[in-house]
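Some notes on the structure that comes next.
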Amino acid sequence: MSAYRAPALRLLGRLPTVLWLTVMWAVLWGDFSPGTLVAGAMVGAGCYAAAKLPHLPVRLRFRPLRVAGLVGHIALDLLLSSVHMAYHTLLHPARVRGAIVAVPLRTDSDLLMAMVSAGLSLVTGSQTIELDREGGVIYVHGIPIHDESDVPKLRRSVLRTEEMYVRAFGTRDDIAQFEAAERELAGAGAAAEEER
Amino acid sequence: MTATDWATAVLMPLGALFALTGTIGMVRFPTLLGRMHASTKPDTVALVLILAGAAFQLPDLRSALPLALVAVFQFMTMPVLAQTLGRVAYSRGMVVSEHLVTDELADDLAKREAEEGRAAEDPRRAEAP
Amino acid sequence: MSGAPSLLLVLAVGVLYSCGFYLMLQRSLMRAVFGILLLGHAANVSLMLTDRAITLPPLLGGPEGVLSDPLPQAMALTAIVITFGVTTFLLALAYRVWLGDGNDEVPDDLEDRRIGRLQEPEDSA
Amino acid sequence: MNLLLAVPFLVPLLGAALTLPMRRAPRTQQVVSALTLAIVVAAAAALVRRTADGDVITSQAGGWPAPLGITIAVDPLSALLLLVSSVVLLVVLLYAIGQDIAGLSRAMPMVFHPIYLVLTAGVCLSFIAGDLFNLFVGFEIMLTASYALITQAPTRARVRASMIYTMVSLTSSILFLTGIALVYALTGTVNLADIAVKLGDAPPPLRMVLALLFLVVFGIKAAIVPMHFWLPDSYPVAITRISAIFAALLTKVAVYAIIRTQTLLFSRDDVSGVLLWMAIATMIVGILGALVQDDINRIMSFALVSHIGFMLFGLGVGTVAGLAGAIVYLVHHIVVQASLFLVNGLIRQFVGHTSLRAIRGLMAVSPVLALLFFLPAMSLAGLPPMSGFVAKAALFTAGADAGGWLLYTGIAAGVATSLLTLMAIFRIWVRGFWGEPLEDMIEARDQLRSQGMSGGRLLMTSSTAAMVAIGLALAAAAGPLTDFAFTAAEDLLGGGAYIESVLTGGES
Amino acid sequence: MLLPVILALHAATAVLLPPLVRLLGARAFLVASLPPALSAVWALSRSPGIAAGEPAEASVPWVPALDITLDFRVDALSLAMVLLVSGVGAVIFCYSAAYFRSDQAGLARLTSVMVLFAGAMLGVVTADNLFALYVFWELTSVTSFLLVGFDQRKDAAGRAALQALITTAGAGLFMLIGFILLGQAGGTYRISELVADPPVDSPLLPVALVLVLIGAFAKSAQAPFHYWLPGAMVAPTPVSAYLHAAAMVKGGVYLIARLAPGFADADPWRVLVLAFGLATMVIGGWSALRQTDLKLLVAHGTVSQLGFLCLLAGAGTHTAAVAAIGALLAHGFFKSTLFLVVGVVDHQAGTRDIRRLNGLWRSLPVTAAAAGLAAASMAGLPPLLGFIGKEAALEAFLPGHSPELPPLAAGLELAGLVLASVLTFAYSARFWWGAFGDKRAAETDIEPVPGTDAGGEDGAEPRIPRTRATPPSAVFLAAPVLLSLCGLVLGSLPGPADAIAAAYAAPYSDHGKPYHLALWHGLSTPLLLTAVVIAAGAALFRWREAFARLQGRAPRVISAEMGYHLFLHGTYAIALSVTRRLQTGSLPAYLGIILATMLALPGVRLVTALATGEVAVPSGGDGLRLWDTPLEGVVAAVIAVTAIAALREHRRFPALILLSATGFGIAGLFVLHGAPDLALTLILVETLTTIILVFVLRRLPATFSVRAPGWPKRWMVVLSVAAGAFISVSLWLMAAARTAEPISLGYEAAAEQAGGRNLVNTILADFRALDTFGEIVVLLTAAVAVASLVLLNRRHRVVDEPSADEEQIEEEGSRR
Amino acid sequence: MNVLDYAMAATAAMLSVSAGLALYRLVRGPSVLDRTVSLSTVSVLLVSFIGLEIAYRGDTAYIGVMVSIALLGFIATLTAARFAERRAHDRD
């Protein structure tokens, strides 16, 4: 599945995780001296090896503007939905119902799918239950869902989130593939919607 | 009271308030998924607000950096937890259907099972792979 | 002079010890292990309670104020690590008991049970 | 830091570090272990010489002055116990090496050697620690090593026994730590000498509570009735070399700790009544247990419990003579228990087990074994002219000298215990050694004869014989030993020398 | 002085004998006889001086701090005993060379132990230090144990040996305490000093004397300890002759004789000695008359004689002391002769059963003659030493003879003495007749000669065949003959014996009527009494069958052996019931008892201190505060609630989660306490522990075992809560009562010197680096332990070392 | 006391109540997942508390603790969830 077979590249793939662990280590010791950093890198590498963490293929782009937009969107969403949730919590939690919807995703990048899934889970009121990578379907639990009419709203917000992630982080190929799939699904999706 | 003090004075109680409503939700919601929604995510908001408030009380940016790291860490880990918990809850049948408006995952699973059942009944297809 | 710890903490440490002892007295291996874990906590908290709460960390050159007593902290640190090592061993042992006996129980001594069943001394010549 | 003082603790650890990776060089590993212990023996002997006049040698680890840093202190008692312990450790090691050479053991040498040396370090540190928390660390080193050792060749029975052993030890450790917290709460210090001084101003009832709590803490490890039950359920199950060392040393380290804390820290508080009652209960309950056992190792374990009572009695007498008696008994008992457990090991090797139900006529098949058993057995029973007699005479004399009905009761209990010990021990002799030998034992003998004496077996037997001989030597040297014990006891009860040496520097 | 060397020689010979036996066979006994012979010769050479009142002394230091010194002192009494012990010993060793076959199993052990015994016995009778005496005393017990159990393949031998050992060594322990009390009271352990200057005013003296007498009585087989001696007859005959006639059993008599000059007047010495001695004498004589085994007959006779000796030795009058020496020597000679004769009869005729022996005097004339001399001496016939001793004894107890004895007591004692002497005469006669005499068919189990039973009508009894015996060798005979002649010679020429007796009796006042051992004292009351004894004894023997019927009808004397068995059985029963109740094998029970002990000792002390107000409870102000900050409430709540919830949770995984939360709470507490490093470490350790626990828990069953730990739950709750309360209250009170500023105030200055900012780290790395080092050692050791337990031993998980019992026990356990 | 102090007190109070509520869920369950969720909340609350502590003292000594609690909370919760998943077939 990965083109990064060469050892050097595989090492490169692991670097971000180890780097992250090193930083945490340094924070832990409250000390960014070289010694601490080296020790942290060693511990990080050790943990990495011990835990057999998956290495991330860095097949990403980074579009600062889009990313900023995404972050802003998420932050706002987080805050608002939390307030929304608080409202339900305080008033009538027993009456709140949810729904699990299946949303076919348009991108076929594993990494992007994972990011979308995580992004959905980050925000109050929605969270991934299952991710069918092969089928490209994400099952999302949403809350609060009062009745059937709220279901398409949830579906739409999932799709919007997907698009934002793809446009913020996807490579040019990813975006091309995404747009092709979107076009393909536009018709079929409507049909499917009716079927349900 | 300096400006930073004011910032702290606003951010911290606000964060605590989110935490409070979150845990109230955790107690009050009748379903597991409901409790998860109600608590895990407002907690994150609460934490970020409180850490921001704390950061304003620190003398310099460098000592505040770790607080930012903790916040980032929380952002990174929370979805992982939420997804894991959701998946487990569902697979263990703890998502009660009466609290669901619709459950398309159950529908799909039933469909898939039915297909596999047909495959098993059909001797030709069973031997084929 | 340091003064006594506050009543709430005295109560908390009492509860820790009591719960630890209670768990330790159970037949279940894992509960006994949990008991030891709690008791380890309890002992370390006891060390801490020899000094007042609401003191500054024992760092020189920090903000002005009363510093905590560093010695109980150092001893508790050592004790935590030691307890950890030993508890790990206990767990490994519990695992072996389970491998051998297939249950989660602290087993009785067999020879004691055999002697306990005797009605007459075996040998009084 | 005084190098001589560091040797008993650091050299074994160095040895442990050296032997740990030597899994492919068993001979080298054995030589290194033995050499390490030989060095410790030499150092201990030197310390005995230097403390013979009652001097206390102290040293501050890291050079920090007394209450701040950790004090290492060797007084005559510590030196004596260091010497006896290291000698016993060395001889048992030789036995173990013999067993390994003969291929008769399932213990893993790569684990056994380093951990055995760690155990040595723990025992030695406990003897020389001049600091309560450091004593705790020493105990923990010793105990952790003992956990590792008692599970060597883990059969189901051994795993069960280890569970009991470990849980009880842990309980004791936790209470020890709690005791340290209480002491620190009261005095704000953990240096033994410093505590001794600062307890002077403490309210007597609280001091008494501490004295009794530490009695319980170490009483668990010393197997004082009613905190002894774990011992006969765990020691006999371990493999020989381990049960020998455990029986000989581990309880004695706890007895040492009792002596040290009660004389140094709690000299102002009179717990002698409690000590004497516990001593009496320990003697009687222990030996009654021994009478109904069926397995030689278990008989010995119960007898071990029982005889801890004698040492406690000596401490309870509260006089120099009583304490000296306890010290002589301590030394005697270390050697005699090691001897008996090693002999039991030889029996187990010979017959396959140590149950009296299936041993008969050992004397006819192996007169050497019989002799090796008989001599320490006599000593354990307190029969003259063995060291056990001298020790017992010292205790009884001290008790009678001090007088009082409780002491007379204690002496009566001691007499009863001696008689019952005699019965228990000679029951082994009559049932196991006398009588018509069983078929399989004759077969075993013939098989051994046809194989001839291998080097390993020779080493096992001769190290056992050496241990027995050391016991006889103790009897022969009972005069100097007792004199030394009196010096040690005077130091302990005088108190001043130790405190002065620690707090005013001594040597460093 | 030569004595310690001679003692060492015994020991050295004992070590050398085993190889010699391999070389020489039974003849090695001749080598073995050298040390006792040397000892006897040495004693003889020193006897003039000793008799003249110049004891030989020597001293070897052993444990000076305890006054355990091997002091030796040979005075008249010791001289007599040395001559007996070593002289008779040497003779018996020579006899043994003929008695034993060279292929006898265990011969090396036997010779070796016998020489050791001879040395120990020599030590007993020459020691002048109570401890030294005890040392040799118990050495004789142990060697006797090995000798009685010599035929170790027989279970009876083992039982008898153990019985003798438990009785004598057990009583010996009482004696040791008696010695210690005596030594404490008198301020010295030197026997000669104690006897010369007895601590008569000490309140402990009566106790000490009773204890010492218990030891002496047991050793000398006085009632009620007399059962062990007949039992010990399973030993080979030469051993019995030596130990149970000449030497060991005299130990008690010797000790009594040794102490009597100092302590006879102290209560309750005389009463005990006279009462028990007389009772033993009568009981022994009575039961000797019932025996059919010659050896047992002699053994019971010995019991009787020992009673006689004890009362003489302990009576504490001049004449009794003189009589004691006479009787002691006489007994040593005649009793060992009798044992040796039994050996010869057994060896040559193949039996020692009276009912299977008939007319043996014809085939063993010399043996019969020697036996006759010895028996006559025992019976008290002139001109033998036995007669002289008995005369003296009768004289000693004549009412009014000695002012030390109240007339009534003396009269009673005398009557008893006469009665016992009658019995003695009768069993002496019975012995000779039983061994050598001609018997009627009704008195034996021997098949009558065919055809001789027809003549029943004329009153003639059927004839029974004479027992056949091969003639013994000269060497074999020499010993009994020599020893029996000693009795005759010393009886006829009592001068040397009298010299010794006089020297021994010197400390007693003779009240102007010095008594000497002599054949003829004129027509005196004792002579008359002797005549009465002889007449009555002869009558008793004449009408022995009638007497036997009488004995058969008489209620059995309460057997003291039953007492021994009761003691033994009772002890084992108590041991079992105590042990099975206490040693339950249950770990929860053990831990519970430990907690209970903690509550019973320091716990109770704390409660009494609180109840009586001995210790101040902090009140108001600084001591009594609910909290330092309300946050403590949160932390305390988290800790308490999760901990309590964890113990109520029976499912392992929720319990683990709750425990993690407790860990968090404690970390919070550490934060409040200004201990960031501690909180950090706790959390890291907690994480690791949790991970490990999950790994282990995954394999274990989902819920905890719910089997009750064996006692009611509420007890456990009470116990745990009380223990927790004790500790926390102690902590509270102690912190409130702190006596000094904590030493850690010194760390701030020192840390600057050490160059550390974090005080905790500085302590760990600098001030208390040794602890940290130790902690690392513990951690590594634990790692190795875990590895060896879990990883390395995977291959052999179940049973890997011989432990046959385990399976067996397990089987039994499951069958239950 | 100024506004900041009041704010901090209010924060502490609210966090405390939250902790109590989380504790309630932790103890009551009913399922292992409920406990897992509340464990994660407890850890977040602890981190918040420490944030408060840092603000109160203006000192960063506790940041290490904070990071490790965050780490532990994550690891513990994840492990718990994984565990629950693996043993889905048996009742907890």
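Chains here go by letter, A, B, C, D, E and F, matching the order in which they are written, and residues are numbered from 1 within each.
Just so it is clear, contacts are C-beta pairs under 8 Å (C-beta built on N, C-alpha and C of every residue); 3 or more make two chains touch, one makes a residue touch a chain.
These figures come from a predicted structure and were not determined experimentally.
S.K.: What chains, if any, are shared contacts of chain A and chain D?
M.R.: Correct list: empty, since no chain touches both.
S.K.: Quick check on the contact network: minimum steps from chain C to chain D?
M.R.: Tracing touching chains, the least step count from chain C to chain D comes to 1.
S.K.: Any chance you could check whether B-F or E-F wins on number of contacting C-beta pairs?
M.R.: Taking the two pairs in turn, the one with more contacts turns out to be B-F.
S.K.: Average the CA atoms of each chain to get its centre, and name the chain whose centre is farthest from that of chain F.
M.R.: The most distant chain relative to chain F turns out to be E.
S.K.: Point out which chain occupies the most central position, where each centre is the mean of Cα atoms.
M.R.: D
S.K.: Suppose chain centres are the mean of their C-alpha atoms. Which chain sits farthest from chain D?
M.R.: Most distant chain from chain D: A.
S.K.: Using mean CA coordinates as chain centres, what's the gap between chain A and chain E in Å?
M.R.: The answer is 87 Å.
S.K.: Between chain C and chain E, what's the gap in Å when you average each chain's C-alpha atoms?
M.R.: One centre to the other, that is 46 Å.
S.K.: How big is the gap, in whole Å, between where the Cα atoms of chain A centre and where those of chain B centre?
M.R.: 12
S.K.: Distance from the CA centroid of chain D to that of chain E, rounded to the nearest Å?
M.R.: Each chain's C-alpha centroid was found; their separation is 26 Å.
S.K.: Can you list every residue of chain F that touches 2 or more other chains, as numbers and ranges?
M.R.: Residue numbers touching two or more other chains: 12-13, 15, 19, 36, 58, 60-64, 67-68, 71, 84.
S.K.: Scan chain A for residues touching two or more other chains and write them down.
M.R.: 24, 27-28, 30
S.K.: Indicate the residues of chain E shared as contacts by at least two other chains.
M.R.: 159, 162, 568, 571-572, 575-576, 579-580, 583-585, 587, 591, 633, 656, 676, 680, 697, 727, 731, 733, 735, 738, 741-744, 747, 768, 771, 774-775, 778, 781-782, 785, 789, 798, 805-806
S.K.: Which chain F residues qualify as touching chain C in the complex?
M.R.: Those in contact with chain C are residues 57-59, 61-62.
S.K.: Can you list the chain E residues touching chain D in their complex?
M.R.: Interface residues on chain E, with respect to chain D: 61-68, 109, 131, 134-136, 138-139, 141-142, 145, 149, 152-153, 155, 157-159, 161-162, 165-166, 169-170, 173-174, 176-177, 180-181, 183-184, 568, 571-572, 574-576, 578-580, 582-585, 587, 589-591, 593-594, 596-598, 601-602, 605-606, 608-609, 614-616, 727, 730-731, 733-735, 737-744, 746-747, 750, 766-771, 774-775, 777-778, 781-782, 784-785, 788-789, 792-793, 796, 798-806.
S.K.: Touching residues of chain F toward chain E in the complex: what are they?
M.R.: Of all residues in chain F, those touching chain E are 12-13, 15-16, 19-20, 23, 26-27, 29, 32, 35-36, 39, 42-43, 46, 49-50, 53, 61-62, 64-65, 68-69, 71-72, 75-76, 79-80, 83-84, 86-87, 90-92.
S.K.: Report the residues of chain C in contact with chain D in the complex, numbered from low to high.
M.R.: Interface residues on chain C, with respect to chain D: 2, 17, 20, 24, 29, 32, 36, 39-40, 42-44, 46-47, 49-50, 71-72, 75, 78-79, 82-83, 85-86, 89-90, 93-94, 96-97, 100-101, 106-107, 109-112, 115, 118, 121-123.
S.K.: Would you mind writing out the residues of chain D in touch with chain E in their complex?
M.R.: 13, 20, 61-62, 64, 67-70, 106, 108, 111, 114-115, 118, 121, 125, 133-134, 137-138, 140-141, 144-145, 147-148, 151-157, 163-164, 167-168, 171, 175, 178, 181-182, 184-191, 194, 198-206, 208-210, 212-213, 215-216, 219-220, 226-227, 229-230, 232-233, 239, 274, 285, 288-289, 291-292, 295, 324, 348, 352-353, 355, 358, 361, 363-364, 367, 378, 383-385, 389-390, 393-394, 396-397, 400-401, 411, 415, 418-420, 422-423, 426-427, 430-431, 433-436, 478-479, 482-483, 485-486
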